[in-house]
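To start, the structure under review is shown below, and the notes come after it.
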Amino acid sequence: MCRWLAYSGTPIRLEELLVKRDRSLIDQSLHSRLGATTTNGDGFGVGYRSIHPAWNDRNLRELAAGISSPLFLAHIRASTGSAIQETNAHPFRHGQWLWMHNGLIREFSTVRRELLLAVDDSLFPAIEGTTDSEAMFYLALTFGLEDDPIGAVERMVGFVEETGRRHGVDQPIQMTIATSDGRSIYAFRYSSEGASRSLFFSTRMDALQANYPEMVELAGLSDETRVVVSEPLGDLEGAWNEVPESHVGIIQPGDDELRPFSPRV
Amino acid sequence: MCRWLAYSGTPIRLEELLVKRDRSLIDQSLHSRLGATTTNGDGFGVGYRSIHPAWNDRNLRELAAGISSPLFLAHIRASTGSAIQETNAHPFRHGQWLWMHNGLIREFSTVRRELLLAVDDSLFPAIEGTTDSEAMFYLALTFGLEDDPIGAVERMVGFVEETGRRHGVDQPIQMTIATSDGRSIYAFRYSSEGASRSLFFSTRMDALQANYPEMVELAGLSDETRVVVSEPLGDLEGAWNEVPESHVGIIQPGDDELRPFSPRV
Amino acid sequence: MCRWLAYSGTPIRLEELLVKRDRSLIDQSLHSRLGATTTNGDGFGVGYRSIHPAWNDRNLRELAAGISSPLFLAHIRASTGSAIQETNAHPFRHGQWLWMHNGLIREFSTVRRELLLAVDDSLFPAIEGTTDSEAMFYLALTFGLEDDPIGAVERMVGFVEETGRRHGVDQPIQMTIATSDGRSIYAFRYSSEGASRSLFFSTRMDALQANYPEMVELAGLSDETRVVVSEPLGDLEGAWNEVPESHVGIIQPGDDELRPFSPRV
Amino acid sequence: MCRWLAYSGTPIRLEELLVKRDRSLIDQSLHSRLGATTTNGDGFGVGYRSIHPAWNDRNLRELAAGISSPLFLAHIRASTGSAIQETNAHPFRHGQWLWMHNGLIREFSTVRRELLLAVDDSLFPAIEGTTDSEAMFYLALTFGLEDDPIGAVERMVGFVEETGRRHGVDQPIQMTIATSDGRSIYAFRYSSEGASRSLFFSTRMDALQANYPEMVELAGLSDETRVVVSEPLGDLEGAWNEVPESHVGIIQPGDDELRPFSPRV
């Protein structure tokens, strides 16, 4: 339904990951191999948000060529029904926190009102769009995302599942999510049915560099450099590892972590 | 904050009113004379909705030149804060009903949640944007717009004022509104402070034609032809009449009507 | 590269052909079966022009549901390199004439300057975009499109081929084209290599109605009703006929015609 | 007709100049004080280009808050007739060079063809839009902008004036222009009639800091920091100096310069 990418590490020009590879995110906007939809042309976001398809967008190419960053999230969208408008494009931002999502809340129009009602009074006015993804973000913020990111997402998913089931929805949620405060990245893979959208993280950079000493593009990247993606950016053997079902990866200064994830009611 | 125009009568090319006059709606998008803001460049709508300023929009000119209609609503927007996106552009449509608004609900971010909660369950999923204007529309629909348009708007305004005052807002609502089922047009002028945005209706066409027998553009228009506008489309003497404070005009087959309007709790 | 549709006949709501069928033009924007590209998401046009993909565009659906017409051209675009902007979207209009194209002029950037130079002085300022398709239109206008449509297109193609070959281009042109003065539609299928993009016209309406007396959607359509399309709108047997290589079809009041087409130098 | 701003100096967040001041560039998009038009709502550009008015554009605010740069050009547009599309938005870029313009070539539609013909063959395919401003850029590139910026602009202006006069245009050109290779900025003020659009440069930063030791926002800016603007960003006394008629300012590492400018045939 969507594809996304989260990067942390040595400052890098965005175009290296978004544009220049064979299976870059822009390539995936037209030709996704693992996605639920082949075409992800309902807008994109990375620092700025657009309602245009990514593939022929010149601003995206200009900015991606001119901007370097040590941490960024990028997303291409395939709408599951909500309007094509910038306020529905990922990543969403609230204060220091970014949020992007692939998947859906099933029968969202049925449960939307009840989910929105649970958003904290002080956060409610900041909701600008109409997607399930943004509702999930504001629920997670309500449940304490800024203080305990993993706990808050566990409670958000628990609440969405409980609400959906109360309305007779069998498998209420399907998601991969990346969220970040600009310092760490939390990448979740979960679905009510235990068959979640694909999610991969890159191998430790020092190991990769040892295996491929001849690859110029890997040279100069710090040991901590890491990418999390909906689908691999290429087919370099040993470079990509699937995030297991119902797990969350934490990319942070120091050792990264991979932990089991389960909804909390 | 916005400017709008509603037309009923002999089928007419839209460009006659939107483009071709000195003080056409397109002219008002750049140079409003009576509006709270001079520039109304945050989008427009008439049959289709756009986030571009009306003044240089070629699609608007092409369509306005090619389409004739016996009844239409047109609107140019100056945002009071909500996002510039098509789902926030007027007129809003639900089934056969169109709705457009000039003005605002004061401190909308404070009362928005409570107003949305009052919208009927079956209507809630149809809300696509984030404006006060669309919230007013769905409240009016909840209160029976389709069966008793005037009564429903009276109750909507009563509810908005009651809610605002409960939150300490002095003058909760400021509005001119046009709504139509494609057969009649209801044009409201009201504000809590009794100093509403401007609203004018055109003089009966037969009287106007009698006074200006030489005006080619009036020839051929039926006696029932009528325009309601935020500000006059020109300065033809005797052509424009102000809608009095706290009144609603009904443009319909047969005699039109002008009635006092007051909120109902 | 693109897909298009031209209709002439009993006034019909645009959505009948653009939206409502299984293999409607909107469906083809995401899933073209016969096109050189599967995705045609770089804009569309029908009376108005947009840079958004057609598939999720709400204005297109609103307008297509509200507008009926006895003759129209519709187009969805897959750019071969030129910018995604309204002035590059088809159909192009000059006075009464509309023009849309599927295909390309090969090595256009090499020959563009020379082709533009051949456009008549009085027409040159009207060129607003940067596509090969629009250049072909203004060349055809220069060669007399308004007086002798077929002759003018023959000369345009001859000139493009001669220019291309002088620059060492083997197969300079690939095209299906529809052009109309609002009364007749001229539909061309031609390519330098003799392997042109697909083009189909619908069977005579009275024959189709006789074969399918039970089909409600055919009832009420005049005998002269005809559609020309890049690819069939469905798989009704006997409904669609391929335009032969190097031919032009003329849809007009009275009998339609199919004639051989060859470039003229 | 337009407003622009060029900055060179200590890396600064773009929002400091584009958003945060009373008379910021965004403020000028709605309320220009010195411009030929009050509203400059036909798009903008700074690193990326947009067809939306700057005043309510959230991407502009997000990017301007997140990006710091030691040298940038920013522009807001009021079209003099050419289409509202990204390829017509300033600044234009070719290789390392940026270009933006306020003013016009008079009777451009008359001379456009002849001006375009003079553009070098190798540069012609890179022209993507339809403005006089972009034509001036490609003429200047043809005349050697990359090697001798001032000489190339002198020859460009001489050529435009000579061409215009040959077609009976009295005052062929009106312009302020900024162009930069990312290292120096060249700012021109010239018009055939000797009454050019306004242009100001900021006082040397050390002098300004000495006069206003209490101003926090000036602290930390290097002595070489300099801004050139269509109209002052505020009314700080002594801060803004008019560029004299027919002059060019050069902002560069080391001492800046101000030289007389005259067209060369």
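The chains carry the letters A, B, C and D, assigned in the order they are written, with residues numbered from 1 in each.
The rule is short, and it goes like this: contacts are C-beta pairs under 8 Å (C-beta built on N, C-alpha and C of every residue); 3 or more make two chains touch, one makes a residue touch a chain.
Owing to the predicted nature of the structure, the values given are computational and were not obtained by experimental measurement.
Visitor: Just to be sure I understand the contacts, which chains border both chain C and chain B?
Guide: Touching chain B and chain C alike, sorted by label: A, D.
Visitor: If I list every residue number at the interface of chain A and chain D, are over half of them used by both copies, so same, or under half, so different?
Guide: Looking at both copies, the contact residues mostly coincide.
Visitor: If you average the CA atoms of chain A and of chain B, how far apart do the two points sit, in angstrom?
Guide: Each chain reduced to its C-alpha mean, chain A and chain B end up 41 Å apart.
Visitor: What residues in chain C touch two or more of the other chains?
Guide: Counting only residues that touch two or more other chains, chain C contributes 58, 83, 86.
Visitor: Enumerate the contact residues on chain B facing chain D in the complex.
Guide: Counting only chain B, the residues touching chain D are 30, 38-39, 41-42, 51-53, 55-58, 79, 83-84.
Visitor: Give the list of chain B residues in touch with chain A in this complex.
Guide: 82-83, 85-87, 109-110, 112-113, 116-117, 121, 124-125, 127-130
Visitor: With touch defined as at the start, can you tell me which chain B residues reach chain C in the complex?
Guide: The contact residues of chain B facing chain C are 47-50, 58-59, 62-63, 66-67, 86, 93.
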